[in-house]
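Below are the structure tokens for one structure; questions will follow.
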Amino acid sequence: MADLVSLREGVAELVSDGDSVALEGFTHLIPFAAGHEVLRQGRRELELIRMTPDVLYDQMIGMGAARRLVFSYGGNPGVGSLHRFRDAIEHGWPRPLELEEHSHAGMANRYAAGAADLPFAVMRGYLGTDLVAYTTVAPITCPFTGEQLVAVPALRPDVAIVHAQEADRQGNVQLWGIPGVQKEAVLGAHRSLITVERIVDELEPRPGGIVIPGWVIDAVAEAPGGSRPSYSLGITDRDNDFYREWDRVSRERETFLEWMSRHVLSEEVAWH
Amino acid sequence: MALRTAEVTSGEVQTVVAARRLRHARRVFIGVGRPSTAAILARMVHNPELVLVYESGTIGAKPFHIPLSIGDGELAETADAIVSVPEMFNYWIGPGRIDVAFLGAAQIDRYANLNSTVIGEYPHPKTRLPGAGGAPEIASSCGEVVVIAPHSKRTFVEKLDFVSTVGHGHGPGCREHLGFRGAGPTAVITDLGVLEPHPESKQLVLTCVHEGVEVEKVRDETGWELEVVSDLQVTEPPTGEELAALRELVSR
Amino acid sequence: MADLVSLREGVAELVSDGDSVALEGFTHLIPFAAGHEVLRQGRRELELIRMTPDVLYDQMIGMGAARRLVFSYGGNPGVGSLHRFRDAIEHGWPRPLELEEHSHAGMANRYAAGAADLPFAVMRGYLGTDLVAYTTVAPITCPFTGEQLVAVPALRPDVAIVHAQEADRQGNVQLWGIPGVQKEAVLGAHRSLITVERIVDELEPRPGGIVIPGWVIDAVAEAPGGSRPSYSLGITDRDNDFYREWDRVSRERETFLEWMSRHVLSEEVAWH
Amino acid sequence: MALRTAEVTSGEVQTVVAARRLRHARRVFIGVGRPSTAAILARMVHNPELVLVYESGTIGAKPFHIPLSIGDGELAETADAIVSVPEMFNYWIGPGRIDVAFLGAAQIDRYANLNSTVIGEYPHPKTRLPGAGGAPEIASSCGEVVVIAPHSKRTFVEKLDFVSTVGHGHGPGCREHLGFRGAGPTAVITDLGVLEPHPESKQLVLTCVHEGVEVEKVRDETGWELEVVSDLQVTEPPTGEELAALRELVSR
């Protein structure tokens, strides 16, 4: 059974400097509150893993918490560039950022292989692209047909952190709506923390509900609104204005730092 | 009622032309922005049965509003089915279950290969772009690809800084050699006109200009010696119905 | 969109002599009505594919409809032997039955590879067993770690037939409860027929509900009670007494043939 | 209240001993029949938190009745989660998330390898058995395996007709050589007693007999020269609570 902890305890217990950490979420259910807590606790030298690093990773990269980024699409969805991500790669500010870049299909299969504890997954992809020269893939031949395919190595993060709608007191978690790769990230990681909108006495099965049993989760922390400005289907709405506004906030280093200091790092946190 | 060209923006024309392209499509794969707007418009005016698939995992979404992200709540709430990302790529995109995919890019070359990764050198880019995302496997798996891009020399380049996504590769036979399925890019819809791969050379040629656009202008904005087909078409202007639906959609 | 057809039309349209046919269902939702219709239409020389051939396949094998069986567990669950399956293998009655035998994990991965249109899947398994000498598997080496694993070839049946709780008029299908490998079988097959308990105006999303869009299905046929003596969760109950009784009915060839003639092959069918 | 041995069947003893084995288990993988009954009994009297996993995909099932099949409706209705069969094997069994797996077999050898495929030659069997099902990967992946089998020379054989499932293979180091995880078979619970692999030789030795069972009888019913540990134990008879719970369960 998962431990029910405070967000502060959960992050302190599970995330250390230098860890590879997957804060997953595919547009929906992005674990902003947990990512902010990682920043408040001053974690450094992280390998951040995520298919779609967006505003949360822009914030973490901009604060210099990451040494390395493993990803497949780094943009502010529907808005444009991630300015802190770009600044780190283009100018090494506030520190250089090492990259391991894949396609979405590659990352998804890497997570699936990790969840299955297999060393690699087989897929069709990457062929003909320049990515092959800069990332970790290998040719593999079908032993039955001779067809050449591509192998991608499994992803096994030290820690997976995801957000869900609810958990019961045994730490069984239910999420619904767009599920992304969160289940795979949790099952493939060595440790896991799930933040939830609410703790309930009993999980009521939902259409589209995915239940992750408490016994494969290390810790569950209640964090109402913990995915804002992303959303938790049925509980909070996506704050599209915030994503648009982030383009302005993040464009200049000073504005960004001031915003982070005021809204994320201070003891009296405006949100989260 | 036909509208005068002056009343219509080139972006509106581009969206309308993209939507028309979906008249007979069954399943379209779309990202956000103009592709998504075009697909919703197609459902409104041309093809109410069109199945919209977003890579967030929503199959058969029926958004009333234009979504900002590919994972907006409305997409999940209106979808016929929602699947995980591994399932989306492995069971739905990879096997070629999608007819038409709309893709964008920061750079496109004469073989409709796409760059969405970097401007400059990969290790030390001048401009870091978001990256390939789902595009490489979408382009190698779907029935056909339609590229939607603004027409300028910055975008239509002689040589990509980085090949993120293969269109027609080095030309004829290249997709087959790589084991790809589908026809690859069949059209590039810009704010100036429509480019299509020549059936034999696979090089993009200008097949259609939007009303009021000079061919010379299109050539000027293209980074290679653009060929023009002998029976160059002129885009049928947006109808009143198309334009009204598009504007109503945008205003929602 | 799938065609809404009668069961008779659906089977006539989609199943031919010599086809490889997967009538799938893992204990739950077994497509008995469709299998019986295949028998009534006199199909022969079939390659029958299923992880858990049980009473339905015992019937089809006993009637001589199958040339070959691809499977991983051939028993009457909780009861014992499948006597017709045994008689075919042990005595070639009513005709010899060629076998391709796998483990459950192997079959499940073969279906998953089929659904993904990949030529094979990678897994850990089979090693050390005598099955390796009699089935289709191949060693494969991880290009990253050097670990030796096992490849299994994709399953791509000519036809998949499954049963579900409901479909709408566009042929979108929803099933809930134990999902087995039905989705994989349908997606991996070249043609598919889904029988349903009922046709509804609109699918109401259910907890645990899996929706298969009508556009990947060839035909949907209404067949109320079509999984009996198996069951359709929430609509019919498993007839455990029937499974026990089958042990007696199927033990002798004559009793079996008489039962089939009376209950399955006759024009006035007692059930289905 | 202790019950006299005469009142208890050997099958009941076997089930009770198997249930006790789950006192400290967290997740148990079970098929139908005696294993399932033992696991449900363990939840009733020893370990209410025990998570029952059936290969049908039901995780955390809480059946009130003994299921006839691994896919009975009650398992689905009471499960914490239900997953597809590919997911069950790939995400749950393969990675070793299950502590204890209960398996049965038609034949078992001194290294606790199992045959559930054929008696006789595979191409022309005397008796065709159901086949391996999930057992090979369950036995190579779970934390430990407990085999439940009736004790007779027909079952406990010198040489298997077919190796369906590897227990300890050819002996020490064999599982490691094959890359298996988990301890493999740690006990074989029969209607006569309990066999466990010798820590060094990995050969099954008799470590416990049920009350009233002669060692000679066990040797007679074993197809190889069975060794007996020096400190042979006698099974603690079922307690009144265990027996009452088991009988109540069976009568439901």
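We call the chains A, B, C and D, going by the order they appear; numbering starts again at 1 in every chain.
Just so it is clear, a contact is a pair of C-beta atoms (placed from the backbone, for glycine too) under 8 Å apart; a residue touches a chain by one contact, two chains touch by 3 or more.
Here the structure is a predicted model, which is why all the values come from computation and not from measurement.
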item	value
C-D against A-D, pair bridged by the larger set of C-beta contacts	C-D
Inter-centroid spacing, chain D versus chain C (mean Cα positions, whole Å)	28
Gap in Å, rounded to a whole number, between the CA centres of chain C and chain B	41
Chain D: positions in contact with at least two other chains	90, 94
Residue list for chain A, restricted to those that touch at least two other chains	112, 118, 123-124, 147, 183-184, 208
Chain pairs that touch, as defined at the top of this document	A-B, A-C, A-D, B-C, C-D
Sites on chain D touched by chain A in the complex	26-27, 49, 51, 59-60, 80-81, 90-91, 94-97
Chain C residues touching chain D - in the complex, by the definition given at the top	26-28, 51-52, 71-75, 77-79, 81-82, 85-86, 89-90, 101, 103-105, 108-109, 111-112, 123-131, 134, 147-148, 177-181, 183-184, 208, 231, 233, 237-238, 240, 243-244
Complex contacts: residues of chain C adjacent to chain A	118-124, 136, 138-140, 142-145, 147, 149, 151, 153, 205-209
Parts of chain B lying in touch with chain A, wherever the complex brings them together	32-33, 55-58, 67-73, 75-77, 82-86, 88-90, 93-94, 117, 122, 125-128, 130-137, 140-141, 162-166, 169, 174, 178-180
Sites on chain C touched by chain B in the complex	1, 112, 115-118, 172, 183-184, 187, 210-213, 215-216
